[in-house]
Amino acid sequence: MEEKTIAVLTSGGDAPGMNAAIRAVVRAGIFKGFRVLGVRRGYNGLIKGDLVEMNLRSVSGIIHRGGTVLYTARSPEFNTEAGMQKAIQVCRAHNILGVVVIGGDGSFRGARDLSERGYNCVGIPGTIDNDIACSDYTIGFDTAMNTAMEAVDRLRDTSQSHDRCSVVEVMGRRAGWLALRCGIAVGATSILVPEAPFDLQKDVIDRMVENQRAGKQHFVVVVAEGVGNVSEIAKEIQTRTGIESRATVLGHIQRGGSPTVTDRVVASQMGYHAVELLSKGIGNRVVAMKADKVVDYNISEALQMKKPFDFNLYQIAHDISI
Amino acid sequence: MEEKTIAVLTSGGDAPGMNAAIRAVVRAGIFKGFRVLGVRRGYNGLIKGDLVEMNLRSVSGIIHRGGTVLYTARSPEFNTEAGMQKAIQVCRAHNILGVVVIGGDGSFRGARDLSERGYNCVGIPGTIDNDIACSDYTIGFDTAMNTAMEAVDRLRDTSQSHDRCSVVEVMGRRAGWLALRCGIAVGATSILVPEAPFDLQKDVIDRMVENQRAGKQHFVVVVAEGVGNVSEIAKEIQTRTGIESRATVLGHIQRGGSPTVTDRVVASQMGYHAVELLSKGIGNRVVAMKADKVVDYNISEALQMKKPFDFNLYQIAHDISI
Amino acid sequence: MEEKTIAVLTSGGDAPGMNAAIRAVVRAGIFKGFRVLGVRRGYNGLIKGDLVEMNLRSVSGIIHRGGTVLYTARSPEFNTEAGMQKAIQVCRAHNILGVVVIGGDGSFRGARDLSERGYNCVGIPGTIDNDIACSDYTIGFDTAMNTAMEAVDRLRDTSQSHDRCSVVEVMGRRAGWLALRCGIAVGATSILVPEAPFDLQKDVIDRMVENQRAGKQHFVVVVAEGVGNVSEIAKEIQTRTGIESRATVLGHIQRGGSPTVTDRVVASQMGYHAVELLSKGIGNRVVAMKADKVVDYNISEALQMKKPFDFNLYQIAHDISI
Amino acid sequence: MEEKTIAVLTSGGDAPGMNAAIRAVVRAGIFKGFRVLGVRRGYNGLIKGDLVEMNLRSVSGIIHRGGTVLYTARSPEFNTEAGMQKAIQVCRAHNILGVVVIGGDGSFRGARDLSERGYNCVGIPGTIDNDIACSDYTIGFDTAMNTAMEAVDRLRDTSQSHDRCSVVEVMGRRAGWLALRCGIAVGATSILVPEAPFDLQKDVIDRMVENQRAGKQHFVVVVAEGVGNVSEIAKEIQTRTGIESRATVLGHIQRGGSPTVTDRVVASQMGYHAVELLSKGIGNRVVAMKADKVVDYNISEALQMKKPFDFNLYQIAHDISI
């Protein structure tokens, strides 16, 4: 008799907590009687048959590590019908019933397409930007925010010693979630995000000047990546306020590091839930957090959802920063 | 014309994030036109009139600091009518309309009693144990969990080098929330909490032996404070399994440290919400997080709520740890 | 033609940085044309022939990890002539010319005995206590100190909030190096070490009272493990001063964690130096740091050296803590 | 009778540990019977008379904080005779016998000039670059190295997940100390410093290709600030090797953060030593670490010293990274 087999892969940009999710998929899978295969380097590995047998020990000692032990990549080939067919042959050859795909929206499209061709896929949202509409939370977000916050806490020490303004770019090309929460956490004078239009004079300069009158002499401005060039913003601030201003781009350090409790726990919950779905023969779903509960959605529907920016929290940030 | 005045105090055990809450109360208060007084050392300060004027600068540079700049204490005197009356005289003398009380259930009872005597109080849940029934989340919990997790990650290094079992006591006299999430995050073989009865042989020893057969040679057992003596548990494990076992009590290090993003942000939201209530003339409420939203409850009702332990998550922890 | 082979093992208590030393031995060994074997679980592995081939990749991704990938153990059997002879047979069978032994004094005695029987051994001091006489520095010391310091920094937050005294036990059964430097770093009111006799009344109580008069209301007392029971010391302090006092035993968390720069760099230097010695046919040596330079000593001579406690630094600690 | 007074200031770029040095100066000063004044914002504060009385409590709770509570600045005015004379008048007016100057070479020149005019100054080397010739160690270096290392450890996680090369710029415009030790600590394939000429093809590209053949698929190249533009280096590496390469500039985060044990202890030792000199009527000296001992030098002689780069360690780094 053939063994029931499921596979797990990570795709797109990596995020801290992906290993915890892989571990949960493998252990929950084995617990439920599956054979579990790890696919290396995302959908490329599925196309090439770069698979590795996973057992309890192969996920031992990984829950606390950043990155992904299965590696990750983007796969343009998988978006072609030819690539998809190669992947299907690999699935068939290894008797794979279902695949857990940890990644972002692009990865979920692949999961949907494969599900529609008879191979049940379940997506798990893993991206530090928290920009997946169907889920309140995405794996990696908490770690990335804390990494960014600790870095800005360091910048504040030196800004304060020198009476300077730090203008810091944090990750988020189309989403200001990380900037918003990180900005509140570091007590930023202003937070600039792609979702909210802003006026440099009114929303940054005037606030700095007002704070300066109240005795404040060092400043932090947190800027989401998608908003624009922080060097230019810093230069403009210095010109208009006379306060020495320095730009810092935090960059890829926000992608790494040992995951926080939240990322490890949510990843474990989501990995477990994904396997439960597959064990019931259910595919074409994305696992999500909604009001602190683990739920799941049809992938196509999930991809069409919108996640409104938290303007209420943005307002609080505004009101308590002056 | 007299200035509208509110006060803020921290009471009971301290928790990381209390400073962020104080800061939000002061800044939101000033933003809404209040004069804000800080009360030192909890209700004792209210009885003695140990008050300090708070302005924007007095809460500058505190959001990232552990502990509480207002100090904290338990106040048996406040539980007497005489103590209460002294506090009321101080409130009257300083024209205090309302008080924000950051603490736990004991502190909220005081806030209710004072509210009932005409001084609006709003409670904010601050305790690392997450054991306040009305709120999904209490300030300090996330930081404490991460501190505990990092400590156990260190213990694992040395357990692994020596093929040992680490039996770790984390905080939680009556509540296993911290143990549960921390235990999942470190990949503990077993998690012992006061809410769930356990059998040492079946739930710890047998699991270790089973894991050992699968090749595992080092183990972590996470135990909530309220469950019992970890030295005895470690001794018993060593006797029954033959695996060298060491006990560690993490203790008060879990109370300190710079707060995480979550603790700083939630504290900011709750502090802001508390001031909004007072500014509308509403008292006798506890601010709470419910399904990721900031809400508030009548204090008496809040004190009678029950918070069921997350047995579902406990089961996941069980299933993926072998 | 037979390949020249060296081996590397870790022995005794583990210490952060041991992996960096293993890595340096393997890479420097390969660089110099050796085949390198890893011995698992100290001298026990040498007796049992538990050897593993090491290549560039087998030490990839370990420099930043705590613990030791080769595991460690104490080996009473190696202290017997029979055990020693078994180890010699394993060395002969695998054509091992020399062994790098990372550990403490006990491990070096084994290295000396093996060297005297014709198998060149070089010791590398690895222990968090810094209690190896011939070397100013031992691998793991810097990481352990920083771990202890961060933990006490957390304790200070909560001590300060509650006007308490924290009495903290740090590692060091016979040596107060860690307590001394950690105590200075946290601004401890008193530091108690096994090397310096003390009078609780004069050296702790009176100093606290004097500080209290100057306005200080929270205190930290750092105690080396070898000095005595911190719970009793805390109780005594509380009785005599009336200041609430709490004891914390930091314990094994000081053994783990990702090594600091110093531990990684010193381990790399020492591992490299050890291989250089072996490549010149020199054995029966201990590598050491002396006045910031890497040197080496005859093992027997090294074992008879004395390392005077730094009473000068102890005096500075005393003078600036009041 | 007039009280003997000394002053302390921080000058130039800030560095973690400066607060520990200020604290040691204040406490050792008071211990030896001095009145101690803090000068704010470096020599500018001395010119303007921006002085603050320091007591035991004013340096309480600062040993663990980054930055400098006295603020720092560069002071072009102090380099003019007019500025110098104003500072002298302030010293005379406040009966200041001597000044402890924490900073770099530029700050020491001011200290020498002031000493030559009758006001004893003692310099303490504080700069994260470790680029002060007379001293093996400068305050802030250890913290900055560890901050850089932790950031690169994070970058490695994501480089590894994606099979990429990380090219990281660390601080050091004219000095490669930080790059060298940080590079060894993270296991960098290549380390580029201003002191050592390099050939990109031979010292970076060829080594990467060789490592790739041995199975390595992710790389870290550490580059000191003074070497050149990391974006261009990354682009060049990608072009020549075909390995996706990303540049990161760590920037000012390396200046902040809570100091390590080493920085707190060395700062305490140096601050204490500086006061001892002043208490003996000795000025025009720089305190330094030499072969692990605290010594002092004539400032003019110190400014002419050369500190040879550690090419031996650079060679070790080279040999063990392939």
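Just so it is clear, A, B, C and D label the chains in written order, and each chain counts residues from 1 on its own.
Basically, contacts are C-beta pairs under 8 Å (C-beta built on N, C-alpha and C of every residue); 3 or more make two chains touch, one makes a residue touch a chain.
It should be emphasised that the depicted structure is a prediction, and the values quoted were computed from it without experimental measurement.
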Where the contacts of subunit A and subunit C overlap, which chains show up? B, D
If I list every residue number at the interface of subunit A and subunit B, are over half of them used by both copies, so same, or under half, so different? same
Rounded to the nearest Å, the gap between Cα centres of subunit A and subunit D is 36
Can you give the whole-Å distance between the Cα centres of subunit A and subunit B? 27
For subunit B and subunit D, what's the span in angstrom between their mean Cα positions? 39
Overlap residues in subunit B, where contacts from two or more other chains coincide: 153, 156, 160
Chains touching one another, given as label pairs in label order: A-B, A-D, B-C, C-D
Complex interface listing, subunit C residues touching subunit B: 10, 14, 16, 18, 41, 65-68, 71-73, 147, 151, 153-158, 160-163, 166, 246, 248-257
Partner subunit D, residues of subunit C touching it in the complex: 23-24, 27-28, 31, 55-57, 60-61, 63-64, 136, 142, 145-146, 149, 153, 156, 160, 181-182, 184-187, 211, 214-216, 258, 260-262, 264-265, 268-269, 271-272, 291-293, 313, 316-317, 319-322
